[in-house]
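Here the chain labels run A, B, C and D in written order, and each chain numbers its own residues starting at 1.
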Amino acid sequence: MANSRFGYVRDFEEYEKLVPYSFTVVRIDGQSFHRFSDIHQFEKPNDKRALECMNSAAKFVLEEIQDVILAFGESDEFSFLLRPQTTLYDRRKAKILTKVVSAFTSAFVYNWGRYFSTPLAYPPGFDGRTVTYPHPKHVRDYFAWRQVDTHINNLYNTTFWAIVQQGGKTEREAHKILQGTVSAEKHDILFKEYGINYNTLDDLYKKGSILVRIPPPMPEIPADGSYKDKKKIEKIRKDGIDGTRGPIEILHLDIIKDTFWNDRPWLLSQLD
Amino acid sequence: MANSRFGYVRDFEEYEKLVPYSFTVVRIDGQSFHRFSDIHQFEKPNDKRALECMNSAAKFVLEEIQDVILAFGESDEFSFLLRPQTTLYDRRKAKILTKVVSAFTSAFVYNWGRYFSTPLAYPPGFDGRTVTYPHPKHVRDYFAWRQVDTHINNLYNTTFWAIVQQGGKTEREAHKILQGTVSAEKHDILFKEYGINYNTLDDLYKKGSILVRIPPPMPEIPADGSYKDKKKIEKIRKDGIDGTRGPIEILHLDIIKDTFWNDRPWLLSQLD
Amino acid sequence: MANSRFGYVRDFEEYEKLVPYSFTVVRIDGQSFHRFSDIHQFEKPNDKRALECMNSAAKFVLEEIQDVILAFGESDEFSFLLRPQTTLYDRRKAKILTKVVSAFTSAFVYNWGRYFSTPLAYPPGFDGRTVTYPHPKHVRDYFAWRQVDTHINNLYNTTFWAIVQQGGKTEREAHKILQGTVSAEKHDILFKEYGINYNTLDDLYKKGSILVRIPPPMPEIPADGSYKDKKKIEKIRKDGIDGTRGPIEILHLDIIKDTFWNDRPWLLSQLD
Amino acid sequence: MANSRFGYVRDFEEYEKLVPYSFTVVRIDGQSFHRFSDIHQFEKPNDKRALECMNSAAKFVLEEIQDVILAFGESDEFSFLLRPQTTLYDRRKAKILTKVVSAFTSAFVYNWGRYFSTPLAYPPGFDGRTVTYPHPKHVRDYFAWRQVDTHINNLYNTTFWAIVQQGGKTEREAHKILQGTVSAEKHDILFKEYGINYNTLDDLYKKGSILVRIPPPMPEIPADGSYKDKKKIEKIRKDGIDGTRGPIEILHLDIIKDTFWNDRPWLLSQLD
């Protein structure tokens, strides 16, 4: 940027940083997505095309930012976990936050046509926030919190739309029927009145979507490897599995119990 | 959001706010736009399609957020001014910042096809930051800083590409020729060697783009107006011109001298 | 500080800064001063010794920090105004805040014996906060807010203690008598029942205490002055009156109306 | 605080909080203590009275704030560790920071006469900062960093003042002699030239001062205890040892190796 007598205005810029070695979650939410889903005639209770478009945008975020090692999405929201060790943008909060939000938004609009035959009616928006967690327990509880939310919302919505679509009730009537019901009662309504066994529904809807990398096998150092290759391979071996390398997979499974985390211990590794 | 034993993780969220009644600038910058402009074969020194696509995205930001009352763009960056009085999102910094960045990104991708016949090769990204200015002088100096930057960069780039494209020099040679030259010397090179009178070039390139609303005429209160209309009109008259209403115009003129600001005194109005 | 393999822990330190050219108020409050005033048998409704000890501590703050150009105190609280132009500690918030709180606390304890014949029973504490105001209007309103508070509290306390001390009522009875009364009624009770004309009471109690510097006369540049003196004098003349030089005076007068501020225009001067 | 039309100025106050469940260190430093130690004729290289006065002030901080569970001091600085679980002042950063700085300053001035026969020449000041550490490793490394600093400074100062006081050199000459020397060389100078075995010096100087509580024995629940006692005792037993209860001891021992921390595991306990 060119210098001039006005250049002093740069001194007003802040460089707030993420607390070193803490876990950072960036959560993004669709703005006015109730209206957005009406205009684009999303299927109820879940629109597979929309969820897959969301997942494709999240995948782009992981492709763009190596240090995002985990993502979880449901409905019109997505959460991204940054490694505590990241030095991305010198840990500047605003840069990291806007990088994630912009990449997600850009990919969502860019990929839309892959999932929908009707064009976008207008440019959709997402907002975002960062949250700092000092301890692995908080990270697990954060993702558990989102998956419990997925479950509760999906059970409600599935029952609600069965009552409306199959039961021929109005939305107002459906709300009234569901008021005060607990989970077991919703399962009952679904099964007895509409023949739907909730447990057999697609895990994409019941569990949400998890994005994580499959770590590549540790490379061997070839006896006759070039010096450069050897250096690079040694570095990879030294770093070990840190979640930043390997193909990205999209899973729909339980993130609350221990199994998911025990299978991927690097996700909660906090120190160098 | 559903409650559960994990809900405590919400307590880690921060709600940092913009300083009340201070001016806030949100500046966004294209990420890796050097590579982006190469891949999409932008014309040198300026690609009119790209600038117009940027302007269309900025216009969408003003349409989405009434309290953004001024924007200035050049190259791959745009700056947005929020009214000091805004109560948008209770002045939460992260929400406002990401709203602007996401709206801009979304519209840029959405509008691309209007300006370019070749499709986007991949989803482009923008990062953003907020800067707080307590005094109108800083706001004027901020926008002056960006327009001086526009001028300096454009004069350099125009001369550089004339030397390369018309003079048949390599880029390395062109850099060397320009090293240490002052403005007058660049004007001379342009005019004497390439017959280009810099002053006659398009103001879009020389001045950048300003987005601002044309305030609507103050409405009359009709003698027989319905109560509701009268209320609404009275409110508009009471608020006066505050930059939030009226059609958006895109200008390419001097934002450094007094005229621009004297003609639009509401832009620097700081109190209720 | 010595370097070692542990030195990396410094990287966790933040350097949050005050917004440039904004007004900053540091307000300090006594901690548990209800108990403190009981133990040290403060006179009711006002203890002149305590207020003067507070004022002496505030004076020390102004002596220590040139860029504190105004202070206002009442009861167990004091507010300090920093010039928007200050570069103290590179405007680091925590340093400035703790400097003021520590200087005040230290001087309060140090000066105690000058005002009280009984020794301090234990070390008293004060907490503090910074508040940022972008516009002179907010600064005036801030100090007006504190002086209105002074007036309301003092009128209540004066009436309350008259009822208790002269009227022989219990504190509970006095509270009940005053419940729901407006100012005029309190004036009436004071005058008619206890012969106290509120308006003739000491302004120290009614208005609180203002600390501000009397600017020295602008020095003349002597025809035969040494080069060094001339330089120094030229600098003082160039800076003009900025509130940082001259003897400190303690005033008890109206800070809400225009007069106080019109007489000292430099207090609200915001730019260089 | 009384309401008035000026009350809106409160909305400018921020309530920045410490990151939940992270460790917080508050470090305070004497301001201009070089000058302060000259004026009060501190003994060189260490003044036992001054260090004990510092320690007494730190002890007062622990007495005032239960959730400060560890302190380390040397020279004119002290570091205080807050439990990650603290809910003090709703974790508001400025309140906690100023509470510590004010309590320390107040007690230092209050206690001065206990350690010095000459009165304080003026009120001394301390500044402070908070630092956030997400992981127990950082906490250990922070305190190790300070104790390494204590050692390096004390070895230097001890040798420096031996050269000056016993060797009759000027301070300038002493600095020159020590320039570039490593630890072993300083030990040698001390022992061979001045007969001082550094290792036999007072640990107060070599190790600094650690303040920590001796946890009380877990109370028994009496068979015939009153309901209230039983409740209280049950609560204490449930909380276990958390470092907030018991008499404060002042230690001068190694805080870098494992022993200190292994003996007091509650100091690094991070969750409920």
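As a working rule, a contact is a pair of C-beta atoms (placed from the backbone, for glycine too) under 8 Å apart; a residue touches a chain by one contact, two chains touch by 3 or more.
Bear in mind that the values here come from a model prediction, so they are computed numbers and not experimental data.
Traced through touching neighbours, the fewest hops from chain B to chain D number 1.
The chain with its Cα centroid farthest from the Cα centroid of chain C is A. Just to note, of C-D and B-C, the chains joined by more C-beta pairs in contact are C-D. Mean C-alpha position of chain C lies 30 Å from that of chain D. Separating the centre of chain B from that of chain C, both taken as means of CA atoms, is a distance of 43 Å. The multi-chain contact residues of chain B, meaning those touching 2 or more other chains, are 12, 14, 19-20, 132, 138. Within the complex, the chain B residues that touch chain D are 11-12, 14, 16-17, 19-20.
The touching residues of chain C, when paired with chain B in their complex, are 19-23, 84, 132, 134-135, 137-138, 270-271. Of all residues in chain C, only 1-2, 4, 6-10, 12-14, 28, 31, 60, 64, 94-95, 97-99, 101-103, 105-111, 120, 122-133, 138, 141-142, 144-145, 148-149, 152-153 touch chain D in the complex they form.
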